[in-house]
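So, here come the structures, one by one.
Here come two complexes built around chain A, the first alongside chain B, the second alongside chain C.
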Partner chain A sequence: MPDVYTQEWYEAVRGAMNDAAGTLRSVPEGRFAVAVEIEGDGVSPYVGDEGRRFLLEIEDGVCLWYRELAPGDGEHAQAGRIDYRFRGPATVFDELAAGLLDPIDAALRGTIAVRGDMRLLLRQAEHVKALLQAYTSGVDTTWPLGGPPYVRGHDAAEAPTRA
Partner chain B sequence: MRDAYDAVIIGSGHNGLALGAYLARCGLEVVVLERRHEEGGGLCTEELTMPGFLHNVHANYHTFVDLAPPQADLDLADHGLSYVRPPVQMASVFDDGTALTVHTDLDKTCASIARFSEEDAETFRRLYTEAHGYVNLLLGTLMYQPPMSMKELTRALSVLGVEDRSEFLSVKLRREPIDAFLDQHFTHPKVKAHLAFHGAVCGYANDVPGLAMSFPLLVGKIDNWHVCVGGSHRLAHALWRDLAQHGGVLVVDADVDHIEVEGGRAVGVVLADGTQLGARRLVASTVDVEQTFLRLLPAGAVPAELRSSVERDVAHQPWSLFSVHLALREPPRYEAAAFDPDVDQAWVVNLGYASTEELNADWRAVRSGDLAGTCRPNAAVNTLFDPTDAPPGHYTGLLRQIAPYALADGGPAAWDGIARWYGQRCLDTWRRFAPNLGGDAVLDWVPYSPADIPRKLRNMVRGDWMMGEVSLQNMLDRRPLPELAQYRTPVDGLYLAGSTQHPHGFITFAPAYNALQVIAEDLGLQAWWRDV
Partner chain C sequence: MSTPPAVVLDSAGEAAGMAAMVADLLQANLADSPARRRVARRARGSVVLLATDRALGVTVTFLSDAVVVAADAPGGGPGAPPALAGDWLAMAAVCAGGRAPLRALLRRELRVVPRRPLAALVAAGYVLKVPRAVARAARSGGR
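Take a look at the complex of A and B:
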């Protein structure tokens, strides 16, 4: 089982996404670059104050690559135009990766900000749903520094404190 | 002025200017043509009453300041544009001396609602919190994209399970009026009346089936009303500056006589004075569909069925607005301030609608060509938040009342005979709630009737300030007609980019922004604005 946010983990997520997309009758044509910005929130042990940035590229429904950007790396140099951007706090992304938080819920509640061509996103709702399910539950992930749930602002009352 | 431009844009409202500025930033040679003496269209600000009193003749409420892409893309703040977001956004004052206030502070709004119903206050908190979470996502989806069909939209929401995740979003809303939503979720008539009033100011009548679908989004923006400092024309000036800075040209007093079409393609325009302007790549019309297809285009340029559809099927709002613009010595001091002192600092004030039934009776009357049974205008004093719009120590005032365009007795022309009388009725209502406005507090006032609207701005057909009915039948990919909803026309190189298009009027910029996406695709322009 890969450790979260390692290259091995990205590859596993990518594989899960592609497996999920492979079961669909139709996937969006064309090439899309997606940027993911995870903001350090002082709670997740995996993301410092400077945050972490990821890029993935999808072509004809297949995730070609999924990688982390090093500090100072330019998005455009690696992916050209960015078509979608997802931004949110580290705790939320950790909980998504751990399958503890529903990504549609997170987007609807504004916990994760989504930018890009929403019309295309909605038209490919099955594909979007499959990719999100792969991200949230398609990979058995290990959490070497301890996994979520941490104490969370949005439902702190129910969440246990991380030891 | 040159003989030819890459892009010729008809109409210099906010949509025309914004489209021109974007295209100029793409390196196109752009000209924006304006029939009137100045740019801005519905953004016009004029000294209607007395020197120094700046009245927003049409657009007064700016609600998408933080969402509309042109604000940042076109550096409008750098061009001198600024806004104030009043802390007390809206209020309702009622005949019994009570009042309800909506604040930028949610806790204060809920506290105000709780004075009528604690249950409604809690419901409002949940609704606002939920809607505030998704409002930008959904408005970004629905507003700043060429329109999807209702079928596509509801299918996607169903696949993603959105309905299961929301207390307030439901597929059945697309069949229901706002009233049904209010009755389902709220209990107190005054709370429902205020929320319905807010919808009405947004152009959404609470008794029209299907508009409930938009209601959660309206609530998500209920505290997002902004005063444009210096008057709404400052937005037009900022847009013009950006256009000019990037080489675009604005020509005023330029009445377009017709669009020239050769080989099925729009190749230019001819002005009323005979001036010919070539369009190398596109012509974009931001005026009404009727002018574009029945007056500006040669009869044979589009299929006869389309002309017939334009004549027969383009739907306009079956209600308009009667306005009174005032020069004041002092701001209103409401009797209801004894109940809630914040009403004296509220920007948009509902003068008396205390139930949705009262509103509905007026909708019915107005749609029949009758005046509202009881005059209950809404009032706004911009000077409370922008002292530059009046001489020192003085204030501008604006009253707006829903009203028919064509009076049952005498049609639109009959307004000229009754405008002063009806304006006095509106003013009397205001004085009833704010008695200090009697005596000499009002220096001067002028009525501005529904009949005046298209006289000044020809594209607001039948006094329709939304440039098309706001209804389920005229929404998304059906606005203004299914065959014209995607900003293209049957004439190559001719685009529609005004408020006739999805989503509708109001200062959203969305028609121009969405038309821009289509134009960029057709012309192969690099979409510098689209990088997320």
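Take a look at the complex of A and C:
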């Protein structure tokens, strides 16, 4: 079981996405680059203030690669044009990866901001749903620093203390 | 070429993300299609799009020079605007031109909540649907 946000985990997620895409009757043709921006929120122990950025490239329904960008790495240099961008707080992405949140709900409620050509995205809704489900439940993830749901600061302060 | 009506996003509501997607879709369709611009300028009234499987809805209101997309949906009852309701995926497929609206209605993937007047609903259905040429281009690949 890979630790979250490691190269092994990215590969496992990529494999799960491609397995999911393989079950669909049809997948969109063409090549798409997706950027994911996770903002540090002071709650997730896996994402600092500087956040984390990821890129993935999908061609004819297959995720070719999924990798994390180092601070200062230019996303256009690695993927050319970015077609879609997903952005949200770290806790939300952690809860998605742990299967605690529904990704479609998160997008429709605006918890995660989605930018890009909506006409294309809506056309590929079945495929997007399959990819997101693979992300949320396709990999048995290990959380070495503790997994979500997290006890937030004020919750911890209100929690009863043991004698 | 006429300028498209402004698409105004009112994201203060539960369905902020859905409203942003619908607003983006409208903006792109109105920019590309003179026929959709004409319909949007002539239409008046509000339409609700309800994603029943998510219990989320947005309201699209046609004004003379703008289309307002609000991130909430009023409850039913007298005076409530007409609504197109169904699973989010079915609604997305119809809007993106991947499924014919009539087929979706006949197969009960979508339903029109019988509220009147329906003129705004017909206008919204047309304006939201991706122009055929764009949908065809999308089918032939993203890049």
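Here, the second predicted complex is superposed on the first by the 150 of 163 C-alpha atoms of A that agree within 3 Å, B and C clash if a C-alpha of one lies under 4 Å from a C-alpha of the other, contacts with A are read in each partner's own complex, and residues count from 1 in each chain.
One rule holds for everything that comes next: a contact is a pair of C-beta atoms (placed from the backbone, for glycine too) under 8 Å apart; a residue touches a chain by one contact, two chains touch by 3 or more.
Quick caveat: nothing in here was measured; it's all calculated off a predicted structure.
A.B. asks: Please determine, from the superposition on chain A, whether chain B and chain C clash or fit.
C.D. replies: With chain A as the common anchor, chain B and chain C collide in the superposed model.
A.B. asks: Once chain A of both complexes is superposed, is A:Ile82 in touch with chain B (first), chain C (second), both, or neither?
C.D. replies: In the superposed model, A:Ile82 contacts chain B only, not chain C.
A.B. asks: I'd like to know which partner A:Asp94 touches here: chain B for first, chain C for second, both or neither.
C.D. replies: neither
A.B. asks: Would you sort A:Leu122 into first (chain B), second (chain C), both or neither based on which partner it touches?
C.D. replies: Both: A:Leu122 reaches chain B and chain C.
A.B. asks: Which partner does A:Arg109 contact after superposing on A: first (chain B), second (chain C), both, neither?
C.D. replies: both
A.B. asks: When the two structures are overlaid on chain A, which partner does A:Glu57 contact: first (chain B), second (chain C), both, or neither?
C.D. replies: neither
A.B. asks: Between chain B (first) and chain C (second), which, if any, makes contact with A:Arg31: first, second, both or neither?
C.D. replies: Only chain C is touched by A:Arg31; chain B is not.
A.B. asks: On the A-aligned overlay, A:Asp41 touches which partner chain: chain B = first, chain C = second, or both, or neither?
C.D. replies: A:Asp41: touches no partner chain.
A.B. asks: Please state which segment of chain B collides with chain C in the superposed model; the candidates are 99-107, 135-143, 297-305 or 369-377.
C.D. replies: Of the stretches 99-107, 135-143, 297-305 or 369-377 of chain B, only 135-143 runs into chain C after superposition.
A.B. asks: Between chain B and chain C, which residues of chain A are contacted by each of them?
C.D. replies: 81, 83, 104-105, 107-111, 113-114, 117-119, 121-123, 125-126, 129
A.B. asks: Touching chain B in the complex: which residues of chain A?
C.D. replies: For chain A paired with chain B, touching residues are 35, 81-85, 102, 104-105, 107-111, 113-119, 121-123, 125-126, 128-129.
A.B. asks: Spell out the residues on chain A that touch chain C in their complex, using ranges where they run on.
C.D. replies: Residue list for chain A touching chain C: 28-32, 81, 83, 104-114, 117-123, 125-126, 129.
A.B. asks: How about chain C: which of its residues touch chain A in the complex?
C.D. replies: 11, 14-22, 24-25, 28-29, 51, 54, 56, 71, 88-89, 92-93, 95-98, 130, 134-135, 138-143
A.B. asks: Of all residues in chain B, which touch chain A in the complex?
C.D. replies: Chain B reaches chain A through residues 130, 132-134, 136-137, 140-141, 145-146, 148, 152-153, 155-157, 159-162, 165-166, 530-532.
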